[in-house]
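Dropping the structures in below, format is structure tokens.
Presented sequentially are two complexes of chain A, the first with chain B as partner and the second with chain C.
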Partner chain A sequence: MDAQTKDVRDSVSFWLIISLVVILIIGWVVEGDVLIDFLVDLVSGPQVLTNPLFLSIVFPGLLYVSIVAAVAIYVERKIAAKIQIRIGPQYAGRVEGILQVVADGIKMAAKEFVIPRTVDVTFFVAAPILSLTVGMLSITVVPFSPTTVIFPFPVNLLLFFAIVSFFPLTALLAGWASNNKFSLIGAARALFQQASYEIPMLISALAPALLAGSLRIEDIVMAQKDMPFLFPAILSAIIFLAAALAETEKHPFEIPEADSEIVAGWMTEYSSMPYTLFMLAVYVKMISLSTLFTDLFLSGWLGPISLPPEAWTVVKSWIVLLIFLTVRALFPRIRIDQMLKMGWGSMLLLSVAGLFLAIALGMVVGL
Partner chain B sequence: MSYYQLVPGVYVEELPEKEGKITVSIGPQHPGSGHFRLIITIDGDVVVDADPDPGYVHRGEEKMCETRDYIQNIPHLERPVVLDSAGIQFPYILAAEEILDIKDKVPEKAKYLRILLAEFNRVISHFYFLAIQAIFLGHSTVLEWSMADREVLMDLAAMLTGARVTFAYFVPGGVRSDVPSGFVDQTLKAVGYLRSRMKEYWRMLVDNPFMKMRMEGVGVLKAKDAIELGAVGPNLRASGVEYDIRKVDPYSLYDTVEFHVPTYKEGDTMSRIKIRLDEINESLGIIEQVVRKLDGMRGPVRHLVKGAALRAKPGEAYARTEAARGMMSFYIISDGGRTPYRVKVDTPSFRNMKLIPVLLKDVRVADVPIVFWSIDYWPVEADR
Partner chain C sequence: MILLDRKNLKGLLPGSAGCGLPLSQPLLSLIAYLLLAIEGGIVSILIPLLIAPRIRGLFKEDRFECGQTPPPYGRRRLAMQYYPFLLVFLVFDAASFILFMWVYVSRVYPIYSFLIFSTLLFLLLPPVLLVRKLAEDIRQWW
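Right after this comes the complex of A and B.
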């Protein structure tokens, strides 16, 4: 086969999608007076912190998530290096290689986006964009404080899981559009993996919801005034963490990307910026899951010392994020059939047991 | 039928394809294969048939031996087994000394130095094995650890021989150079360090619940099968057969050092990991004993052979040793010239290749890399 590649700009449907996105953004930002409201709020001072445009672009939206993702990648590499008696990034930015992520980003952006001749161009290009979109959507429903939430919603815990369950579909889209055996196997593994971890994850998230008597994350956090739900719902918290590791495709659940078996799983054919978007989406997902864990089990923005509520959420979620990043160096990858067996066996049983344990302990301590 | 074009338009290979099953060619360019191809037939997610296809890195080492004299043969013979270069040198040197009739003139100190370097190389080779096995399992920490801890012994070997990987240290009649100053202390320090590290390896690789999930009961080789297929080395011992040339047929003063031969009953992938960890510990014990013996030992390390003495009498010689991957043997025939008439190398990887179809049968596709690597098959060594 000769190494011809297709140009994405030849595809009509690609331009249709792009124009749709542009129209939506213009319709929301310009026509809806959002921009003018933002400018007015910006002049008036602290009120800007609750402005929808500020929330979605700066904090806790795009800018915050991108910066934390970049820091997380750097910290992950440094932690792994320390555990593995290596040095890690060292040269970019002179001091301990702190600009390594920037250098990598520039390198990735400068690379050619290779589109193999056999792929379905529209979906091949759309998949990484959709993946990052789903990641960013998942952060919109997680509250950082009663006012700092991009999309307030009465049952936002359910909405979060509804959004997050779209991730394997984007993986399937990428794998299917790649028209490659490795990609398709990886995508199928991603779907299988979702089928195994999602139910334990939902059941263990139900424990704090039952203790608080609400499916609204804000109410769940406010119900932890006296005691974080981590103590009554300890088993649920552990299962939730394990399921979140599976959700982010990190070790020991890095099954869809198993590089010694299926090259890079559903990301095999991707290069350049689209690949970066996938990677970013994974870290965004990690950030939103760790923030949700903070809200559900670690009493969210409530803390012993009076700090800005967002600060508590951010600090706690970073600690949870550190757990995500450290586990990677300790465990090998398990097999997909073992993952399914675990998800439908011990994890499911333990999550149900954790639910009952949480209710029993909650009654004991009088929550 | 599916076809693989080896050379486009010139040679088309036909692979038998069974009804409802998929034939996959792993390698020679797959990240998990090495210079080697494995044709597996899969039914769903389970391997029903595995067919090894070696020969990509045949170098004609045996033929090359016929045009070089007994000293010139040393460097090129190391190339097939760079990770265990002392392992392949040892039987060659023993056989060459037998055929040159200088077997009794080798100094005692040289014999101990040979044991020392061979055990260094066994540890280095086993660490490399652990590294690759770990990365096939998706465990990058043990990869980096093993690669880093290999360096400790490679630096010591460089101190002793001047080279890190291919030492060319053994010569007919002894070894090339004496122990440098400070070597004994540094080796004892390194042994202490590696001993403490081995506990962490054990915790990371064996006492790790996910490692147990992946490797216990996967790729089982029964003792009976292992004997019938002619398995050698750690793979044979992991199946419960206690057979080590160092014990069975002691050579080069191995009978004066104390060590025991670890065996495991299970014969699964996990026991093949455990046996290598145990062997590293045993080798460290041997290194410690030998270094203590070398400390203060005086005398020459080489009986110099040159000129007419390099011309062997007509005859034949055979020597076998326990290399890192198993029994390695050399058979040399001389017709009285400066060069051997014929050299036959019997490498452990070639013998262990027969295990691949048996071990990979009924294994899941995701387990193919770890089961394949667990026998420590090295394509270059098998192809020679």
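Right after this comes the complex of A and C.
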């Protein structure tokens, strides 16, 4: 048995043991009464919406983010195709290639996960799992309504940014473990990109927090009863949207992946399901960022017509998501030095200006 | 329905005899969600390792080098012309999190807090001008 096979076998057995331990922990933590509560709530009506297991498994947990991510991938491909005068997915599912994402998922699962002999196997396998976990974790603190949030926390706005800023570190882990120059350059670019967009993002998120006088997203939404913060903090909203695009590494900020320059950036050596996990993590992060944008600037679950609060958040966040996906097809990629120049120049200055503008307009309209 | 009465059902499933953690509801959702996410990732990676065919080839497990023969070491030395950006980012990131404290004092001391925090923002301008100057050196981009 050669060293590579031994490495892979060790790694698989390591992860199998971890997996078993995780299942045991689930069995220990989720005691029987919790399951009974969940089952009883499930058949007894709308109170299931606040059941902890329902929140984490169905909405806004795993099922919701997975389905919306799959739909977002399909819609993104179709929008990009229409804008670039192509056809896009056409055959799978017969009607406009509607089952293309399902077909891709099955294909990826059946593909061989090639582990090059020079990689650091344990970290190489751990990076996609960590990436998915961080991506998934980002949606836990974003409220869809006052009661529909997986983990209510008094300063959840700060917690969200703390979780999201871990993401480039998973890129660095993947890039370093791959032992490949393209991966390493991509990982370094991911770090530099974070260094340029995170400050403008934080400062533009400060504007709605200052207007509401709270770092709790639920309070920020309730402070928008009379007027969404999009109007007093319009400049901050635009900067936040641009920084969120950079966060998701989509065009025009697709610098760490840059297909035509460095193959696939920090994902160069990945194939099969691990590659899919990285992609899924990016889309989940996109969903949580669009929901956060809805909560901060578009008055979240408050709406003019009486609908369930979650419905307002979902509809608004889908519209923001659509803006993300459309912008991706419209702009060419910029270079890393242009990104740094923009992040530390115009974006930073505009975010500070947007903050003062929001304070001034907030005083004028009496917020 | 008598079957849906919680009291009748309590204690039926294994683990309901009180060996679970006395967790609050939010923490329970978070832990369940987190464990499911990790578990989902692990299972997704195990699927191709178990079902996909594993075919050996002479060059298959080599590092990807766009058709070149891979050298022994893949990790290359990176030009660090953007290193000052990371240093300034370190300072600025901490400062921007301090800015969030503005939210809590803004209602109590509106004028003072405005003066203090806007001064903090303007004090950070010189390093920003320095990194902007560095970014204009386009000859060194990778």
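Points to keep in mind about this one:
The definition used in the following text is that the second predicted complex is superposed on the first by the 336 of 367 C-alpha atoms of A that agree within 3 Å, B and C clash if a C-alpha of one lies under 4 Å from a C-alpha of the other, contacts with A are read in each partner's own complex, and residues count from 1 in each chain.
Rule of thumb we're sticking to: a residue touches a chain if its C-beta (ideal position, glycine included) is under 8 Å from a C-beta of that chain, and two chains touch if they have at least 3 such contacts.
If you're wondering where the values come from, they're calculated on a predicted model, not measured in any experiment.
Contacts of A:His251 after superposition on the shared chain: chain B is touched, whereas chain C is not. When the shared chain is aligned, chain C comes close enough to touch A:Phe113, but chain B does not. In the superposition on chain A, A:Val101 contacts neither chain B nor chain C.
After overlaying the two complexes on the shared chain, residue contacts for A:Asp37 are found with chain C alone; chain B is out of touch. In the superposition on chain A, contact is made by A:Ile336 with both chain B and chain C. Judged by the touch definition given at the top, the superposed model places A:Val263 against both chain B and chain C.
Look at A:Leu292: by the touch rule set out above, it reaches neither chain B nor chain C.
In the superposed model, A:Leu55 makes contact with chain C only, not with chain B. By the document's definition of touching, of the two partners only chain C reaches A:Leu206; chain B does not. One of chain B and chain C touches more residues of chain A, and that partner is C.
Comparing the two complexes, residues 263, 335-337 of chain A contact chain B in one case and chain C in the other. Of all the residues in chain B, the ones that touch chain A in their complex are 31-32, 45, 134-141, 143-145, 148, 204, 208, 210-211, 213-214, 364-369. Partner chain A is touched in their complex by these residues of chain C: 4, 6, 9-21, 23, 25-49, 51-55, 60-66, 70, 73-76, 78, 82, 85-86, 88-89, 92-93, 96-97, 99-100, 102-104, 106-107, 114, 118, 121, 128, 131-132, 135-138, 140-142. On the side of chain A, the complex with chain C involves touching residues 4, 8, 12, 15-16, 18-19, 22-23, 25-37, 40, 43-44, 52-53, 55-57, 61-62, 108-118, 125, 128-129, 132-133, 136-137, 140, 150-153, 157-158, 176, 178-185, 188, 191-192, 194-196, 198-199, 202-203, 206, 209-210, 213-215, 263, 268-269, 272-274, 276-277, 335-337, 340-341, 344-345, 348, 352, 356, 359. Interface residues of chain A, counted against chain B in their complex, comprise 80, 83-86, 251-252, 254, 258-261, 263, 329-338.
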